[in-house]
Structures are given as structure tokens and as C-alpha cells.
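Comments concern the structure below.
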Amino acid sequence: MARVGIYGATGYTGFELIKLLVRHPEVEIAFATARSAAGQRLSDVFPTMLDTPLVAVEAADLHAVDLIFTCLPHGTSELIPLVQTALEAGKRVIDFSDTFRLTDPDDYARRRGKPHPAPELQSAAVYGLPELHRAQIRQAHLVANTGCYPLSAILPLWPLEQAGLIADRTVIVDSKSGVSGAGRSLGMKTHFGETHETFSAYSVGRTHRHLGEMEQETGLHIIFSPHLLPVYRGILSTIYVTLQPGTTLAQARAAYTVFADEPFIKLLPEGRLPELRHVQQTMFLALGLQPVEIDVGRYIIVAALDNLLKGASGQAVQNMNLMLGFAETMGL
Amino acid sequence: MARVGIYGATGYTGFELIKLLVRHPEVEIAFATARSAAGQRLSDVFPTMLDTPLVAVEAADLHAVDLIFTCLPHGTSELIPLVQTALEAGKRVIDFSDTFRLTDPDDYARRRGKPHPAPELQSAAVYGLPELHRAQIRQAHLVANTGCYPLSAILPLWPLEQAGLIADRTVIVDSKSGVSGAGRSLGMKTHFGETHETFSAYSVGRTHRHLGEMEQETGLHIIFSPHLLPVYRGILSTIYVTLQPGTTLAQARAAYTVFADEPFIKLLPEGRLPELRHVQQTMFLALGLQPVEIDVGRYIIVAALDNLLKGASGQAVQNMNLMLGFAETMGL
Amino acid sequence: MARVGIYGATGYTGFELIKLLVRHPEVEIAFATARSAAGQRLSDVFPTMLDTPLVAVEAADLHAVDLIFTCLPHGTSELIPLVQTALEAGKRVIDFSDTFRLTDPDDYARRRGKPHPAPELQSAAVYGLPELHRAQIRQAHLVANTGCYPLSAILPLWPLEQAGLIADRTVIVDSKSGVSGAGRSLGMKTHFGETHETFSAYSVGRTHRHLGEMEQETGLHIIFSPHLLPVYRGILSTIYVTLQPGTTLAQARAAYTVFADEPFIKLLPEGRLPELRHVQQTMFLALGLQPVEIDVGRYIIVAALDNLLKGASGQAVQNMNLMLGFAETMGL
Amino acid sequence: MARVGIYGATGYTGFELIKLLVRHPEVEIAFATARSAAGQRLSDVFPTMLDTPLVAVEAADLHAVDLIFTCLPHGTSELIPLVQTALEAGKRVIDFSDTFRLTDPDDYARRRGKPHPAPELQSAAVYGLPELHRAQIRQAHLVANTGCYPLSAILPLWPLEQAGLIADRTVIVDSKSGVSGAGRSLGMKTHFGETHETFSAYSVGRTHRHLGEMEQETGLHIIFSPHLLPVYRGILSTIYVTLQPGTTLAQARAAYTVFADEPFIKLLPEGRLPELRHVQQTMFLALGLQPVEIDVGRYIIVAALDNLLKGASGQAVQNMNLMLGFAETMGL
């Protein structure tokens, strides 16, 4: 029985993580931290959950655990010292933020406009995408859980790129996400009156903070347009890609045999496209491939996943399973 | 052409009020105030609205107007001095808050646990329900726009009470409201993740702040359960009332002839109950009357209205029309 | 390993049932029937589900199973012969319809206006509410899964009734349900344009088809008002009950100790009321108890459950576990 | 006072049309037809609307009107004879279907796979887009109201094309529409359980029925991906266009001065993108222009409109105003 600790248990990803860990047969939760709810029990915050006590970060006993999950908001100043202390104590870490996802220091500096605040941690971190980096994740002490948007672009594009099928290096990714992706913090962007029964685009083009991950993992030049859906969970991305002229649907589909044994990737039959409801509350990334103009290589890919499961907390459990030597799908 | 000023133009009721006033043939907006958006134009906040400049409260020229609307959050400290100044300057005031709705000082003190902060204003105020107080509203200098929940209980119950048909003085009002009723302020109660695709009860029984209005206007003892719908606008109340044993449906319906000439009250035909979509974006309060057990006088009334129109900003325009001598339905 | 068959696999309750059974460690699905989708695989209908073949009712091999679930729409003519055949073949049956829920023939005849079509089956059936009839369910060959609305009234009221605390035999149950309760059939009542962003009451008073179950199990006289929420899953009922005058909150809460060991019933702490999101995707029925006027015994109970899980498919698995001798919470 | 008749009054576009016409100062509704609701009044279908009688098509008195609106489902066989009769009787016609939108017979035949069923009507019809064909609409006897999706692509692209700025003839239009676009007919695509809290793509690439209009009016080659939003009304399109390399934002924005006097087109300030809530319940098409990579001419345009108003019924009233010589914005 492995023992784990959770930093930031009362955000949306923390909640989902706890729900998964509670069902996991080989893991027990040693502590869970919260900021404003410290001192309460988890069931005080959400009555049908466990009575797990919520402690302040300082009160968490790092020595009682084998692995920690850090589910703190992007940019929290306490993250780096916490990760450092945990690694020094020989603990393994799965971090949910975007701090350690870019692996190249120069790339990080160029994209964020300043050098990485902890270069030695950055160089030790592994990008936590099991389908691409399974072997390294198994050995890693620090795993950077991927962004949810990036996943919806990387997994559909990587096999085509591996197969040498992508002709135009510029790919358009038009993504639509549920509101839980914005977290549980307050702000007009998550206010019911501004998000419900409406729809909007934001940070379109080349400005979104997680564009870098997509380009790092695919090697492509990506135009990325995120949109906010009036839905709680799920991401659906519509991807416009130009393959080698004349690429048949059979050839394009064949590229995905590289994922044939992946437990959580589902290439739909010809003619079907995934919908959010197909993947909500599941670990699947579902893919549909639509030829548009084969002579010029024009294809549309539609990819869907649950941003809180495959896109965050479920992925973290998948990574934990790899790191701790459990069956990869255990508890999922 | 009358000139009006709006204090608090960027909340949900302020927005709706401006949309109505823009279409009103006899009124022009002299100023609109905002707090954080002062200095911007209305179209900066909401791009398809007018370019009306938003000014700070101090910059609003009270002398340029005939009437002001105060759409400030409940309990704003600046309200009372503002109303006082306006009335002293001979301006008429329609206030959206619950400050002046209770007309009896003792009742106010008992319900709120402290005396009214401005008793002379309280005694001058008229409860702004045209269907019940039309004549006084015409003369009033200070009109207290009603609460949206109370409206959904008072208008259905008052005719039955007038007709002497109500046997049991205790009436149960089970109300369900869209989220816009909670305003545009930030809080977990209006966070998409806590309100969307869910449903909850709050302040049930005898604790809601606007219970007093309902009892003041109906003279009944009310058990009131508000609930939060995952919907933007609209209130639907299901009312459980015991009439005199044996009251027939025809007798009960006859009580509503007192509203026969009301432009905004719609008693549906026998067998029909109103739905939110019937009244959203309209000024109607729609009513359905369902006999349950006639021998013991048991009836259910379902009432629906748009909380932002008949329940707030539309009602304010109706009151303004009365106060300024325009046709009551003008611009509505 | 027990083997089960599912009649009606492609409705909403069928889907949920399959999702649960797939995770159940002691059960395998021997067949699943569908009408229009017969000949396809389950994954053709819903791509992230299993490749289970869907067969026509006639093609289902009843002899291959130990127990069947009949998830057919209310009133399907093929139900009774199917149940009869299954019972004669020594199979056990869990039926989702309302055909066998009323246990008294006279009560059935009076409420439905005609005698029961299969009186011998009716008399053999057990009302499938584990919290009240656990022992009989264990022995039963035919279990009538309960209605989802009735559950939300029976479980909150039964302990108070057992404790002799209910003073007024008439209880008001104001219920609000998500749209999945209306099933997957087409009709204006489930059309997006008529259900989304709106709210409505229907069959209020004493007319709803499942009122009988509530009264049968509680012995009370119930006024029942169902409403349709613009939400997919979940039921929340607000119950107005008059207890013995002077009943304290502690006394009222004590009545629920009868449920202290129930795995799926959660009485919330004082001052908390359940919300739909607390119970969606879970097996919990969550309860909050609010004293209103203790001197006259007036209380409000708020109860919430997931209509597809505790209210239908999860309950069916709970019943199956009892009937087949597994741990009651297995797979739930 | 002009008199108009409405064929198909009880669909979503019929409803919206009636709401507009009721407020229009120069028009009165002479008749309104319905199929299943014939014989009832409009208020029987929707209680807060007028008591206008609904008649069967055969009972409509064509001679009593100056102009008819045909709001019948796409492909209704009764449409062509109806239009023919109306035109022969000297009446003017505004048709909501896609029957008369393609103006070139060869184009029609190629895209639909068969010749036009009424070529003489086709050649007489004018494409009902006031911003492009105002003069012809004024003279037209038969106006083909545009599709709602096409509007969201044509209006943003046409000015750039007029200005000679579009470098790559292939443009990607990624559109998202509310469910009301699918009409009030029953089908799984409009079933609450399959559309609510989800999101999906359909007919992506070059297969959607209304692609032809977009290409006809813009002269461009369009890749079009429609998606279904869990929202009632509104369309938002994200358009990926490649302009002449080096085109500055100022140059691109200058192209839209051609629309400077258009009452219903709103180019948002630099840096702003429209959201659905900005245009819902309004006549506006709102546009935001985002430069992505100016050196290669890459731009993203976001366009939003209300599919039932500017995209259908409001546009019809705008066209009627032109045809009958009223001010173009009257009643809008």
C-alpha cells in the first residue's frame, strides 16, 4: 500500500484526484492540504466525500508519504520550495502546474520572457504524457502533468508526424473547453452570468500559455484558438491539417496503429466523430478522422477528452501507477 | 422628453434598464454611473450597447435629470445620502434595493434587528407594485421597487385574499430562481462550477430577507423556500394554499377578475401551467391555478415571471411611467 | 461469476446499468437487447462503450443467465410474457417499470382504473427498496425497482413515521428532476428547445403516476408536485412536513439513526442542505433537515439523489447484489 | 398599414417573426398557418403570445395580404406551388428555406445533384442579404432569406475580398451554433439528453448543405465545420484567413469601412472579440479581427450573430422593410 499526499485538495482537479484515489486498491491518502478550508474535513466542503482532514501546507507530514501531487494554481510561489523539499526527502512528485512542462531552458525563457526559476528542477522533470514518454515517467522523480488543451492536439497529431505524413508544418487547432478548465477561483470568466448560455473565443492565435507544450511535443507550428463552452467538463478540438497530397484515409488511419495497445486512446470507426458526452467521466481520448480533399491532403481531425480525467487527475493517477510500478490502468 | 440618471449601470438590472430606456420614446439617459468601469463607455463593457459614458457617482449631474434609478447592491452605504440629496433637489427616485420596501418602522426593526437608518425616507416611500399601489406610485417621490421573489407570491395570493377565499393563513411558497437574481458580484454562489448543471435550496423556511415584503403585502404567514436554478433569468413559484373548503375552480378563478385589465398579468386557461420560457424576456407574470382537493380547499398555484423585467428593471420603467405621467406600458 | 441479461440496453437506464456491471467483479453480461439498434454493437451506439453485441429480444438466450434486468419503457406489452417466461425458467428478474411496484391488488385497481394484468406476478413481486425490504429482496424472484421520485420522498419520511413523529398525515413533496428521468424517447417534453434554459411544473397535486408508491411505503397522504429541471441527472425534493408540536431538531434527527448503517444514506450535519452536485454520479441519497417553527412542528426536509444511479440502475445493482448473495455495495 | 401572412407560424423562426411583427408599427398579421396546431390560437401553443388564430395552409386567404413569409421546413413539397400562386397573385414573398438561395442553375444542379425544381422562380429570386444586395431586394418579388451559418462567414469575408486583401483562396470557417438552428422538429439531434452539456461537430469539411451560399457570395473556397453548442440561440464562427503578406491590422480594418453605415454590423475595437451573449436577442452581427502573423498575412476573424434574428426572422423583417418601402430598421 503506497501512501500519497495531495497539496491543493479543494480545487476541481484535487476533488477528482481524491475521488479516483479513494477507489484505488493500492494507495491511501496520507494527507490533503487546503488553504481557506484548512482545519475542516473534506466532507465539510463537499458533503458526500470522505471525512479526510484538510490541513495547512505547513502541517502536512511529507515524511509519511511516498509520492505527492501538487494541484496548486499556476504560478503559486510556494510550489518550487515544496517540490525541492520533497525531492530532497526522496519523495516523488507529480505536479499539475505548467512550471515544469517545457523541457528546454531556452524555449522556456523565450516563451515566458524570463529564465526558469529552478533550472535544475526543470532539467529533471519529465513531461507526463504516458503515450509518448512511458519509460522516462517510470524512472522520473518529478513528472509534469500535461496541460489539458495540449493533450487534445498532441495525441492526434503525433502519430501522423511520426509517420511522416504531415506536409504543411502549420496546423490549426480550434479548441473548445468546459469551464472547469479555468479552475475554482473567482473571476468574471467563471461567473455564471458571463459563461452560461454563451460562447466565446479567447487568446486566439499564438498567445495561449500552453501553446509551447503542443509545439514541443509535436515539432509543428500551431495556430491555436481556445474557446469557452457553457459546459462543466470536456475539451473538443477540431484540427485542420494538410497531409501529403493523395494520402488516403486508410494511410492516415494506419498511422494510429502506433496507439493500438493504448488503453485510453480510441480511434473511432470511419465516418464517426467523437462528442463530448462520449468521453465525459471517462479516461478516453477519442479521435475521428475526416478526409476533406484527399488530392491536396486536407484532413480534419476531431479529438475529445475529459479535461479533469485524461486531461488532469486521471492522467496523474496513470503517471503515479507507472512511477510506483502498478498496472497502468489501476483504479481508472 | 424626460431625463433620467442611472446609478449602478453595469449590474444585471442596470443593463436591462438601459436596454429598455433606449427604446423608450419619451425618455433620455442623462448619465449612468459605474464603480470600477467609471471612465469607460457602456460599449466598452458590453460591445453591442450604446457609447454612453460611465461616470463615477460623484461626477453624476443630479441637476440634469427629472428622475433617478438607484440600482446599487443591497446595503451600499452611499444609498441613503444619495436618495436624500436627490429628494431634496426635487428629483424623483426609484430604488432597486430592499431598503425602503418595508413600510412599518416596527416591522422593519423586528425583521432586520435594528431600526431603519432613515425613518423619514422610509415613511415617504411607496412600495412599487403598480397592480396594488398604482395611485400612490403616481404621486410618490420615492418608490421602492419590489423584490423579484415577493412579486411571484404577492400577485398570485392577493386576489384570493381580497376575495376572502384563503382559509389557512399559512401558505407555502416554493420558489425557484435563475442565477441573475444573485447579481453580478463574484462569489461561490455565482461561480459556474457551483451553479451550473446543479440545483439547490437555500434560506428555506422563515429566514429569507424578502419574506417580510410578502407578508406585508398579503397579510399572510408564509413559509418560503427559495432555490437556485441553473438558468440565467426567470422565477417560478409553486404555491400551496388552502382555500375555504369546497371552493370551486370557477370561484377561485373569479377572484382574479380584479386583475382583468392589468396589462402584464396573465391567468392561463384551465389546465395550463406557466413555464419559465413563457415569460422570459417579457413583462408578464403568468399564473396557473390547479385544484387538488376541492373538498378541503387545497389548491396549487404556479406563477412565473422574468426576474430582470417584471421583477426588476421592467417594473421600474412601469413605475417611472406612472410617476412621470406616461402611458403605463410605454416602452415595455 | 454470475451471468446477467439486459433487456433494453440503449435507454438511459440501460446505459448506466451496463457501465456499472462492466466494473462489477462478480458479474458478466451475457446479452443485451435493443430494438432499433439490434444487430449493432453497443460501441456503435456510444463509441466509448464496449463492443457488446445488441440482439433483438427474441434472440436473447434466457437460459444463459442467472438474472435479467428489464429496462423497457413503462407499459411495453412484451414485458409481462417476458417476466413470466423468465420466472418459469427459474431466472430472477429485476424490473425497472412501474408494473409491479404497487403490492395491493385493490390499490392497483383503484389507482390505475383497471385490474392488474398479471395478478400472480404482482403478488410475487417485492418492492425493491433495500433500506426497507432488504430481507424480502434477498429471497425474491421478482423485484420491482422503485421509481426515482418516490425514493426521494419515502426515504426521508419513513424514519420520521416509524418514530411516530409525524403529526399531520398530509405532506407536501415539491420535487425537481433532471430530464433523463423522462427517458430517451422523442417528444416535445425532451426537446432541447422546450426544456433547456427553462423550468416547468407538471402533473401537480394528486395525479402523478408514481404517487401511489410513495403513499404505499409511507402510509401518508401526499401532495406531490414534480418539476422539470434543465439538467441531465438528479432529483431534489423539498418536503414540507408537520411533526408533533415541539419536536426538537435533535429528536427529529434521532429518528434517522435507523439508517445509521446504511451505506448510501447520508444525513448532512445540522445547517447543511444537499445540492444536486453532491449526489450526481454517486449512489447517495443525501438529506438535510431544517426546523422552521418548532412550536408547531413545522420542518422542511431537502433530499437529493441521482435518478439514474440510486434512483434506477445503481439501485438495481444493489438489489442484484442482495439477490445473488454478494456484498450489497459491490461494484457501486 | 401593410398586411402580411405567415406560413409556418409555430416553428422557432415563425415565433420570432411574430414577436417582431407584433411590435412593427406599419404591419399587421393577416393570417398565420400551422400544421398540427391549425384550429388553435397562437396563445394555445405559447400562452404569453397573441390570440391570433392558426389556420391550415388551405384556409389562408392569400388575397388579404401584400406579402407572405414562408417559414416551412427545408424541402417541404408544398413550398413551390405556394410561392408560384403567391407571385402570380402579385404578392411578394420572403422564403426562409434554402430552395432559392443559389442563383446559378448549374451551380444548383452540381451541388444538389439534380436540377432546380422551379428554374423560373430560381432566376427571379434575390439572395436576401441586405448588406450586399439592398437595391435588388427593394425591387424583388421573391427574396430568399439567407442561411444563418452562411451569414456568419459572408459578412466577415466579403469586405476583405472586395478590398483585394485575401491571398489564399481557401478559408477555414469553424462555426458553432445553438440548437434552435435545427428547428422544432423531433429527432435525436435535438433531444435534450444528446445535446445538453455536450458538444459535437457534424458535416465537417465540404459537405454541409449551406456551403454553396458562402462560396457563391464570397467567391472563395471554403472549408466549413459546423458544431452544435448546448445553447438555444446564437452562432459564433472562428475564421482562419490568409491575407496579403504584411497586411497591417489597420489595413485589414479599413476594409470594413464599406460597412460603416450598416445599422446592424459592429466591428469591435482592436483587441476585442465578440461573444454570443453580446448578440443574443439583438440584430447585430459583431466582428473581431485578430492578427496572428502579419508577415505571412495570417488573421483570425471571430463573428457572432443571433441565428433567429439577424440570421433568420429579423433579417426577414429587414428585407420586408426594404421591399415595402419602410425604413430599413423599422421594428428591429
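In this document, chain identifiers A, B, C and D correspond to the written order of the chains, with residue numbering beginning at 1 in each.
Simple rule for what comes next: a contact is a pair of C-beta atoms (placed from the backbone, for glycine too) under 8 Å apart; a residue touches a chain by one contact, two chains touch by 3 or more.
Note that the structure is predicted; figures quoted are calculated from it, not measured.
A comparison of the A-D and B-D interfaces places the larger number of contacting C-beta pairs at A-D. The chain with its Cα centroid farthest from the Cα centroid of subunit C is D.
Chain geometry summary: the mean Cα position of subunit A and that of subunit B are 46 Å apart.
Centroid to centroid, with C-alpha atoms defining each point, subunit B and subunit D lie 37 Å apart. If you average the CA atoms of subunit A and of subunit D, the two centres end up 39 Å from each other. Counting partner chains per residue, subunit C has residues 197, 230, 232, 274 touching two or more of them. Subunit C makes touch with subunit A in their complex at residues 44, 46-48, 197, 266, 268-269, 272, 274, 278-279, 281-282, 284, 286.
Only residues 172, 174, 176, 194, 197-202, 204-206, 223, 225, 227, 229-232, 234, 236, 238, 240, 273-277, 280, 290-293, 298, 300, 302 of subunit A touch subunit D when the two sit together in their complex. Those residues of subunit B lying in contact with subunit A across their complex are 12, 179-180, 184, 186-188, 190-193, 195-197, 230, 232.
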